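Chain nomenclature is as follows: A, B, C, D and E, assigned in order of appearance, with residue numbering initiated at 1 for each chain independently.
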Amino acid sequence: KETIHVAVASNFKTVLQTLLQDSPIPGIQVKISAASSGVLYSQIVHGAPFDVFLSADDVRPQALIKEGFASQSSLITYALGELAVWQPNANKVNNKVAIANPRFSPYGQASEFYANANFKKPINYVYGNNITQAFQFVQSGNASVGVVAVSTLKMAFNNSQAPQYLSYNLIPSSEYPEIIQQGVIIKSSKKLASAQKLMDFLMISSTQLKLVELGYRTKDSNASK
Amino acid sequence: MLQSDLTALWLTVKLAFITAVLLLVFCIPVAYKLAGYKGKFKPFLEALIAMPLVLPPTLLGFYLLVLFSPTHAFGQFWFWLTGTQLAFSFQGVVIGSLFYSLPFVMQPLVAGFKQINHTYNEAAIALGLSHFKRFFYLILPLLKPSIGSAFALGFAHTLGEFGLVLMIGGNIQGETQVVSIALYDHVESLNYAAAHQLSLILLAISFACLVLLFKFNKSIVGVKQ
Amino acid sequence: MLQSDLTALWLTVKLAFITAVLLLVFCIPVAYKLAGYKGKFKPFLEALIAMPLVLPPTLLGFYLLVLFSPTHAFGQFWFWLTGTQLAFSFQGVVIGSLFYSLPFVMQPLVAGFKQINHTYNEAAIALGLSHFKRFFYLILPLLKPSIGSAFALGFAHTLGEFGLVLMIGGNIQGETQVVSIALYDHVESLNYAAAHQLSLILLAISFACLVLLFKFNKSIVGVKQ
Amino acid sequence: MIKLALYKSLNSFDLDINLHLESFTIAGIFGPSGSGKSTLLRCISGLEGEQSVYINDKSVHHLPTEQRGVTLQVQSCPLFPHLDAAGNLAFTQKHCFNRQTDLTEQKVIDALELHPLLKRNVQSLSGGERQRVVFARTLLAGQKLIILDEPFSALDWPLRFKTLSTLSELAATFSIKFIIVSHSLKELLFCCDTLVQLNNGKVINHGPSAQVAKAIYANNKQTPLSLINFQIITFDEKYGVYLLKLHKSEQQLFALPSAVEQGNKLILECEQISVSAEMPLNTNNSNVLICTLHSAELIDKTWQLTLDVDGQSLYCLLSPRVWDQNNYKVGDTLYATIHNLE
Amino acid sequence: MIKLALYKSLNSFDLDINLHLESFTIAGIFGPSGSGKSTLLRCISGLEGEQSVYINDKSVHHLPTEQRGVTLQVQSCPLFPHLDAAGNLAFTQKHCFNRQTDLTEQKVIDALELHPLLKRNVQSLSGGERQRVVFARTLLAGQKLIILDEPFSALDWPLRFKTLSTLSELAATFSIKFIIVSHSLKELLFCCDTLVQLNNGKVINHGPSAQVAKAIYANNKQTPLSLINFQIITFDEKYGVYLLKLHKSEQQLFALPSAVEQGNKLILECEQISVSAEMPLNTNNSNVLICTLHSAELIDKTWQLTLDVDGQSLYCLLSPRVWDQNNYKVGDTLYATIHNLE
């Protein structure tokens, strides 16, 4: 078995593990390093021994391609983020709105776009470092409402089976810009073939279907709309 | 330099200063008691004080987030007391920093108290100086190098605090967006030039603060001892 | 408990121990020189030593990452020397931790050296003890409380190290995935139970280590002084 | 005045003291090294455990040092290193509560002539200079009972006597009582009215200085002191000597002011007294007293003669050889020459 | 042996010393408090700056203390607090390089009778006990030149003399040379063969003990010592006294062993000597020397008589009153009675 080393944005890590557990790729062992996309990007630029990079956005993979660290041909859009408004406590504890930081997270940009258009002004944002943290702000009760990823809510439900994680309002995808999650193969990888197998695995329809189950949308489901 | 960076700088210095001063006020009497205590629980107490060091700041922040939540008894108590919420507020960050930097202030003080030559204290007791006078006018002056060291560690450590503020701060400009968070934002948004600039300024300012501190510290004790 | 958590624990304790020991070896002579140095650069040197404190660990990690990169002279030199890459390796993390925890070991030592009663040293000089003997057999034993404090701070601080290891370590199991990273992963994956468990174990182990350390420290000096 | 009942187990013996000092101005505690002097002082001042101590008829065993109304200057007492000499003095004057005397920094500095030392870093003071500053600091604590543990051991004798004189003056002027520990009887006799002798943790003698000193000499196999009461007749301006007479027999003596002003008794060492069966003539010693031989004792290979003059005792020594040569009998009239009085 | 050229600006005066001590076994440095004694020692041992110091004809000014072959025991030298008494001794024996004597821990402990103190925590030692342990530690540094700064100030006199005797024995047995600072001339005269007198940072006298001591007495307006050479005739077993005679005139004296064994000279204080124009009879003093009055001087209101006996000088004092009464003339034959010799 060949081991490939995948750098994955932390909000996708559990998802990737679930996918691989359910249907392992023959002949390939996947080693996962999770961190924020920004950290992973810096590490790759400075010689990290990763074979594949699955980012939570599209800016960083494309920057890697432009700077010559990743191959253009390997670029895939493996998932699209899906947002929901989540307010687990009916009676508002405060007027804080938790979203991911829009300065560097596409989830955050999309959340802010939606909230600015739909929430009553002025909006008291609190910014999570990533979409998971925005979720935690609400979950811990410190913010009464949040714009969070559906995938996070589903993951939380899977972990605890608590019904509160299912009582969210899905936001129609037309009301925010696309949250494109792209992946690339790192040029310096010596296991290009295996890496390509992983990319293929992510894009086959069974995987993509499962992603939809786990709270993402996919290029196909998008197109089909 | 960005206006927001300036705000962050000011906020950071304020936070570090308040934290270090509050910690000194709290730690000096506790360290004094602890250094004098000879019971069998001594090593346990000393280890207990070092505990906040051991938990990674992010995790410490996570637990504090839970503690601060309006759904938690402490959060409720605080709200009842002050009418404000701790999470995402400057006060909350101060409280977090107090936990976080406690060991760095406590340890040098305990070690310092232990090293003060007992004969000075005994001479002062025999002179008929009350406990109070001895503490303030003899022991504290003799302890100055350690107090300086404790303040410097507490101050500098709070300047560089990141994981904890990230967790409980919510990245709110002027309230909880300290320099370390601003820096992280720059790095995450691949805005390295801004990051370099800000970190240089941070280094320069803290260097200046510490030089002044050590100079001051020296001029009081160094010459005479 | 997960196998990976166990590995992470062992790795963490190993890292913290190696770091603390190396730092003591390096810092004791430097602190000795520094405490004895009376020139006008003294406050500058002292402030310089505190500098690693000020930079948020993530940023420090970022700069180290740049330094370790194979495109950088230092990274190339290291590769030429050892044939290995520093980033994403245990050695790299050790080097990072050395920077990171340096001030916590250095400061208590400098303060300790400053507080040693000069008359003991003078009596020993007059007895005709060489500099070397005095240092090892008189000054170090007198310094024991500070050495214990320095070791405890260095050890515990490295245990809780997060941002830096995340940056330069790359979250690689068995090599650079320390407990703090594992904990972060658990929190990010909303796997709170695992996080609670792991952090309890971490606390227990470090508590035990520190209790032993302080007990040992006391039994050598406390009784006699 | 001071009543003690102390018990403390020390290394090689127990400190076991029952002592009642009724009235004294300057009391001396004398004893060899390691006899428990310092420990005794620490008990009085409260540095050492729960011991029964009464000061001015008040039990103080439960009080902390600062409420006992006593100041102890510990043995080799250090100056505070973060202050200069003047700072150490000011420190005490400022921070000691319940000051009972109106001794000020200025008065103490003048009395002990500390001006040149005031601005000095304490590390740079010589051993003796340091002791003087420490003593000044102790005075400034302002208590009426001051206990000193070997306070002047680093002073040369002239300076020591000068300082002890100043101490006596201060005791009188500000009605301060002192307790001084020393291993030098010479020092203690110079200024103390009461003496306590310690040995192996027990008080083996206490009372008026002269009396205790005599016993100490006997115990230590040292020579005893003679103490003679006198009346002053005149002061001879020309020669700077006092003419004294004994109360009853009216025999006369010449004495230097230093001998007279030391108290209302002449303190004479054995070495100052020689006897002869005939009146000595044309000598440089004009101080001759006519006495009766009261008794003679062979102590440690030396004959100690007790002479009776005027109902008071004079002690003098004879070697066995000389004793055998002369044929002194109890009841004989002997001439006692007193040297070095004038 | 030792040659110094020191210059150092002190607080109120300059230390300015040119001193050459050719041969000595135990040298004493005497001077009032603050006269620069400690500073002088610090210069010799190298604790204090760059000063010209020759030891055994070797310039050592550029060497650190441990290479100078000298050990200094500083004033109020502390014991190391992390070790017990025995630990302090073992520490020195173990860690001092270039040990020149074969003094071992055991020998030193025996010589100074430190057994009961060995296992003691240094904080619990009494002042005197501490000084004895410090001295033992200094000896164990093993050098052949040992410098002591007020080493025995906390010892009572009997213990001090005992310790000084031990010191003299050690000096002889292990051929160690000592330099001792003290403000007590009594202590120094007891054991030193050479004396240096310091005042305000200058050497005002140095040379053989007796000679310097005499000058010191004169300078200090203290009474001078008389030093008399003698020959021993016999030891009287019965009375335990020596019979001595003077070299030329063969006049005889009886003396106790303590007086004789102190050296080959009798050291007599003024106070021990009285004169008369006629032979004293039937006294308790059998030691009378027939002398000639050589000169008389009025020093500080006292007449100091120099008597010539056998070409040697005896000093005795007279008050002006007595001087006027008696009518001694230079050239007169006088009888000098020596007290307290037997």
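Operating definition for what follows: a residue touches a chain if its C-beta (ideal position, glycine included) is under 8 Å from a C-beta of that chain, and two chains touch if they have at least 3 such contacts.
The model shown is predicted, which means the values in this text are computed figures rather than measured ones.
Enquirer: Just to be sure I understand: going only through chains that touch, what's the smallest number of steps from subunit A to subunit E?
Expert: 2
Enquirer: Applying the touch definition from the top, give me the chains sitting in contact with each of subunit C and subunit D.
Expert: For subunit C paired with subunit D, the chains in contact with each are B, E, in label order.
Enquirer: What's the distance between the Cα centroids of subunit D and subunit E, rounded to whole Å?
Expert: That pair's centroid distance is 26 Å.
Enquirer: Between subunit B and subunit E, tell me the centre distance in angstrom, where each centre is the average of that chain's C-alpha atoms.
Expert: Those two chain centres are 61 Å apart.
Enquirer: I'd like to verify one number: the distance from the centre of subunit B to the centre of subunit C, where each centre is the average of its C-alpha atoms, in whole angstrom.
Expert: 19
Enquirer: From the mean C-alpha coordinate of subunit A to that of subunit C, what's the distance rounded to whole Å?
Expert: Distance between chain centres, rounded to whole Å: 36 Å.
Enquirer: Give me the residue numbers in subunit A that touch at least two other chains, ranges are fine.
Expert: Only 39, 42, 136 qualify.
Enquirer: Multi-chain contacts only, two chains or more: what residues does subunit D have there?
Expert: Within subunit D, residues 123 contact more than one other chain.
Enquirer: Which residues does subunit C have that touch at least 2 chains other than itself?
Expert: Residue numbers touching two or more other chains: 58, 62, 117-118, 187, 221, 225.
Enquirer: Give every touching pair of chains, nothing left out.
Expert: Applying the touch criterion to every chain pair yields A-B, A-C, B-C, B-D, C-E, D-E.
Enquirer: Using the touch rule from the top, collect the residues of subunit D that touch subunit E in their complex.
Expert: 11-12, 31-34, 37-38, 75-76, 116, 120, 124, 126-129, 149-150, 153-159, 183-184, 220, 236, 238-241, 254, 256, 270-272, 274-278, 280-286, 301, 305, 316-326, 337, 339-340, 342
Enquirer: For subunit A, which residues count as touching subunit C in their complex?
Expert: Within the complex, subunit A contacts subunit C at residues 5, 7, 10-11, 13-14, 31, 33-35, 39, 42-43, 45-50, 132, 135-136, 152, 155-156, 159.
Enquirer: Which of the residues in subunit A come into contact with subunit B in the complex?
Expert: 36-39, 41-42, 59-60, 63, 89, 93-94, 96, 98, 101, 103-104, 125-129, 133, 136-137, 140-143
Enquirer: Can you tell me which positions in subunit B touch subunit C when the two form their complex?
Expert: 38, 42-44, 46-48, 50-51, 53-59, 62, 103-104, 107-108, 110-112, 114-118, 145-146, 148-149, 152-153, 156-157, 159-163, 179-180, 183-184, 187, 195, 199, 202-203, 206-207, 210-215, 218, 221-222, 225
Enquirer: Show me the residue ranges of subunit D that touch subunit B in the complex, using the header's touch definition.
Expert: Touch list, subunit D to subunit B: 45, 47, 64-66, 68, 70-74, 77-78, 80-84, 91-92, 95-98, 121, 123, 137-138, 141, 143.
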